[in-house]
Structure formats: C-alpha cells, structure tokens
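In what follows, structures are represented as structure tokens.
You will see two complexes here that share chain A, one where it goes with chain B and one where it goes with chain C.
Here is the complex of A and B:
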C-alpha cells in the first residue's frame, strides 16, 4: 500500500531536503554585485531592513543591540538600502572585500 | 575532429542577459564572415530567468564543420569572458579551461587586483581587463532578440561591444574589421580593442 510521507520526508519544493535553518544546497551569495554595509553608529534599530529583506538576511543579534547581515544568502537587491530610515546602510562593490562570497565549483 | 575554439561567457540573468548573448553572437557572426564554421547558443540548464543569477553563453569557432552532438556546454573553453566582475569571486569560472587560456574581465580594476580573487590562476595564459561599463555606459536591459524574436536594439549596443573588442585583441580569434561589420556600437568596440589591459601570466 502507498505510504504517505510525513512532515520533512518530502523535499522542500521537491528539489532539496527540507531546510530546518539555512538551506546549504542553495547558497546565493554569488548573485551579488553590491552588498549593503551597515554603519552601527547611525542605525536606530527600526528593523526596516529585517522587514523588507526578501531573503531574510537581516536579523538582530542575541543581545538585540545591533543588526546582523547574512552574507551567504544576500542576493544584493539593495532593497534594505533604499528602505533604511537613517541612511545607516550603503552599497559597496563586492570586489572591495576579500571574503564574504561562497565560491561554488558548479552552479547546480 | 578538427580543433574547436570554445568561448564561454559568464553573465547575469535578465539584467545582463542580452549583453552576454551579444558577445557570443558578435564573435560568432564575425568569425562566420571570415569563412569559419560557428555556433552561438545558450542552454536552459543555467536557468537564466532570475535577476542576477550567474548564467553562461557559449560560442564555438572552427575551421571545419563542428560535430558536437547533444553537448550544450563548452567543457574545455579557450576563452572565458566575465560580463560582471563580481562573478570571479563567486564561481570557479576557470573550470575545465585549457592550459594557457585567456580570461577577459569587465572591470576598471587592474589585472593584478582581479587575479587576487582567482585561486586557480595557474591554468591561465593571460588575463585581459577592460572597463566596458566605463566605455559603453550601462548594460542594455532589453528582451528583444530572445526566444528567436527580432533584435530591435541591435547586436552589441551596450557593454558587449567593448568586451568583444577586448576578446579580439587578447586572443586574435577574430579580427576587428569583421567585428565592426556586425556590431552596432563601433566606437565602443574600437575603444575596447584599444584600451584593454592584457597581462601575460
């Protein structure tokens, strides 16, 4: 008889195993040409970046004192930069930084 | 089988898709005018319809008829062209490249600065950097010419023209005159040919 799969037995979107936290099989950091850089002095924790980020790449740190950026999944859409209320975020070219992008051998 | 000269172009989906396609089309059409056998294509394996995703475009140039059936990817490219410089950081763009191959990058940075991001640079014969963005302005965001439609904005109206000129200068696979006959922005093509910085490794 056909066995009905339980929760998390079905691949997420039918492609990759269901992610619990981050989906390591779909790292999208190499989509990015420009990255958002945060100036913690200007940031007033309005959480606009957290709310508007389509890829959930902005979150508060454990103490709730500053915003943390997830470099592995940010696609560089820069929506956070345009939505920032205090101009704490600014774009910077990816090649200005040594690291931050997961270098993939093959795309798929 | 005759030696096939393989060109792979790395570009970004949607935003620079036409530019990548124009580079391979311009090189193939120019070589065709010189009496070579050519192919220029992309494939759907790269899933190109998402903004910013790294995608590839291919060209093959040969003196004899190209017989590579059911192979829609250049396994061992001679030339790799990078339309957006940030791609050298995120993908192994030199995968499968023949020893002594040429890498052409669209950047205003120096070849030394660009090489820092390429750990496997030993396979490279030369690197060529050209500031195509500075020469031709912004990338043309245009869907005309896709899926067999008529290309209204013309071949190489944007940053593809200086990149094609840089490939001609760095490799000599096609000459500038035949490129100028097929590319729309001849001024940018000529400047790309003249301003490219080639560094032999």
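Here is the complex of A and C:
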C-alpha cells in the first residue's frame, strides 16, 4: 500500500538488535559537572552502582574483580554514589581533572 | 460458570483485568479511577490474581513502568484520570511508536481549572492523536467488555498498538450496574495469552526506543498510520467473536437507538448516552422523530460507517463533553471528526454541536429537549443557526 525507499527503512517499532559496541557519534557525557570516583579498596562488588545507574555506566571488568566506570556516557547524576553500600564511591568535580568535560575545547 | 453481579464501572474494569490474566499492573492514585487499582490491589494481595503490582511515583513513571514491562513481554495494565492522564503525556507516543500493546483505563475527570473532580472527556480526548486506540463505555458491563475487546485487538500481530479504554468518572466509574462475569474459559477462548514479538531474552538482546535519524521519523509515523488502517477490520473480527462467545449483540463502531424512522439524532459517546436514551423515549412520546447514535471507538474513527449511518438523518446534534478551544467549530471536538467524515457523503445531514456534560455536569432531560428543539428548528430552516451551543448558557432571543 505504501512504498518506503530502501535507505529509509526502519524495523518494526524501531526495535533493533542490541548494539555490541558504543556509538561514538553519540557521546553524551558533556554536561557532567561531577563524576563518581571509586576506591577499589572499599568496594565489595555489591553491584548496586551497576543496578542503579540509569545509563549503564558501571560494569565489572573481565576478571570480575573490580568495577569499571564509563566516562563517555555518565551524566554525573551521582545516583551510584548515594546507592553505594560501602562508601567506595565519592563525587569529584570535573575541574579537578585534566580531561574533565568542562575543559573540552570542542563541544559535541 | 457465568454469574450476574451488581458492580461499579471501576470494579468491572478490575474484574476484566483479572479475567485477562494480566502480568504487570502499575498504579498511582487519582480519583475516580483509583477504585480500579484498589480492587486489583486486593485481588493481588488475596492471591486471586497472579500479577506484579507496582506503585509508580507519578503517572509519568507509571506509564514508563508499563512501557518497560510491555517491552519485556508482559501483558500490562494501568490507568488514570484527569491531570494524571495529561501528566503522562510524553510517554504515549513512544509506547505506540514502539508498538507495545499497553492497556490504560481512563475514568474521566475534568482537567484542572483549577481543581474539578467531575467527569469530562477532555483528559482522554487530549491524547487522541498519540497512536492509541480509544473508545468509551456507557455502562459497567460495557466497561468490562471493552477491556477484553481492546486487549484482543491491540495485541493482534497485525496491530500491536496500545489502547485507552475510557469510561466517564462517577457516572460509570462509581454507579453500580449489572455485569455478567463470564466463565474464565470463555475469556480464554476470546483472549489468548499475549505473545510478545521480542520477549526479554539475554541470548537475543534488543534495543527498544533507540535514536533514529530524522529521515526515519516519517516512516515510524507511517508504520502506526498503516497499522491503524487495519484496526477496523480487526475490531470487526473481535466483535463477531465476542458476540458469539459471550452472547452479546454489539455493533463494532456505532450503536443506534430508535433510529429506524428518525429525522434527528443525538450523537455522542460515553455515559450520557444512558440519559439520552430516556430523553429519546420522552421526546418520542411527544411525537418527535428522534433517535440516538452512540460512538464506541473515536480512534480509529469510523469514517465510512459514519457516512452511511448519519446520512440517513436530516439533522445530527453532536454532544461534546470535551473542549477544543478555538477549534474550527468553536467549542467542541467530536464535531470536527463528524463533519470531516461527512464531507464526501452524497447526502449530508445538518450538523451542529452542543457543549454539555462538562466539568461533571449532568445532562438533564430538559437539556436534551432543548437540544432537540434546536435540531428540529434547523431542519425546518434547512440550515444550522451556529456551530456550537453552550447548553444552559445561551441567551435566548
């Protein structure tokens, strides 16, 4: 009944197989003013940060020994800090970092 | 065994949800629809209904929970009223765009000017273009039936769209009426278990609601529009099955009352049709050839059926119960649809609209008589005096 050009096709409901990587064209951390910093000594791998992060920015490393933070998508909401059970996470201002997003010359 | 009970519209909706074997329910309180969730909470607590009962922290969250649950593969139920319906507005388009057949009951309540809890259709009607099915019930029995029918249509693989299942606050939500509770086996025959397209599966993860390019946006719209073109056919099939299995005699889109030889008709949806039937009887006794046409689905709007049906009459009075400030017809909503549908009809009746039943107002027999008089006058003059009347507030010359 309708014709849709091949290059403009969209899957049913826009639902697609989950991407295996990250989209480098869509880095979304540039409005962060604070970031969570982890003290691995205090972390007991309870995974609260992983569970509560709205943007899936915490995951275990391959060995399953420590938590890894994803700087490209963290918005700095600090929910992980407030949910951390062992006070292993603390907030730190972006200005405290050489490569803090507030120092970026080029905005996305 | 089927049994007859006397229950309110809210209780009827809750019963229908139970019979539908819903997996996930998400609630947030606002009257009058709250009574549905009170019933369901009891059922879940008593072990009568095996469903996840989640409390949202507001209507936006409530609908977002339903969005996720439906994406995961659950049959989902939620509901709201008035400003609750509009607070969740952002979520409606993504839910229909992603093709999740979420069902939401709306027991109408006026939107705040500044705080009215009476019934008015403006809450739901404001959401009519978001890609959800939408229709009203007149009685608790119709509430019960519409919930089942909407799940069946919405979850059909040809459709996969969410549904607003509406009934008037208080007039239907809180006034008990006779409801036939069927045998579970009848419901199971009519409404099979939901088969989601992408059930949550760690082995085959999918992304829901990803970013698309602007040149793909129109196609997402087209997908929904094309699905809506199929809805009338699926509704007809569902109603046929429903009538057969439950022994009812619904017509899919338009319910007519005493229209055989009618010259003028009231056209409306929802609870006030009940009073209108009494008014029609009363006016018939006075010798007026009047009838009633009740709309069962406003989305999809039954254009062809409207043309065929309303062309038989000389004048149609659209009773609005919702507002469209500054609209083409200068008051109501429904008349836009009715007039547009009739434009290409070979025989067009005179059409005008009546603002009535707003803010929780009862439409009285006197009001209906007054409207009938205006319609009769239009027939006599061969034209309508104006597009809209505010019933009870017009300066009479």
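General remarks:
Note that in this section the second predicted complex is superposed on the first by the 79 of 108 C-alpha atoms of A that agree within 3 Å, B and C clash if a C-alpha of one lies under 4 Å from a C-alpha of the other, contacts with A are read in each partner's own complex, and residues count from 1 in each chain.
One rule holds in what follows: contacts are C-beta pairs under 8 Å (C-beta built on N, C-alpha and C of every residue); 3 or more make two chains touch, one makes a residue touch a chain.
Given the structure is predicted, the values throughout are model-derived calculations rather than measurements.
By the touch criterion defined above, A:94 reaches chain B but does not reach chain C.
In the overlay built on the shared chain, the residue A:26 is in contact with chain C alone; chain B does not reach it. Legend: residue contacts after superposition of the two complexes on their common chain; A:8 is shown touching chain C, with no touch to chain B. Of the two partner chains placed by superposition, A:40 touches none, neither chain B nor chain C. Of the two partner chains placed by superposition, A:66 touches none, neither chain B nor chain C. Of the two partner chains placed around the shared chain by superposition, chain B is the only one that A:75 touches, whereas chain C remains out of contact. Across the complex, chain C meets chain A through its residues 97-100, 160, 197-198, 204-212, 215-216, 218-220, 222-223, 226, 229. On the side of chain B, the complex with chain A involves touching residues 12, 45-47, 51-54, 84-92, 95, 107, 109, 113-114, 117, 119. Contact residues of chain A toward chain C in the complex are 1-2, 4, 8-10, 12-19, 23, 26. Across the complex, chain B is touched by residues 29-33, 75-77, 93-95, 101-108 of chain A.
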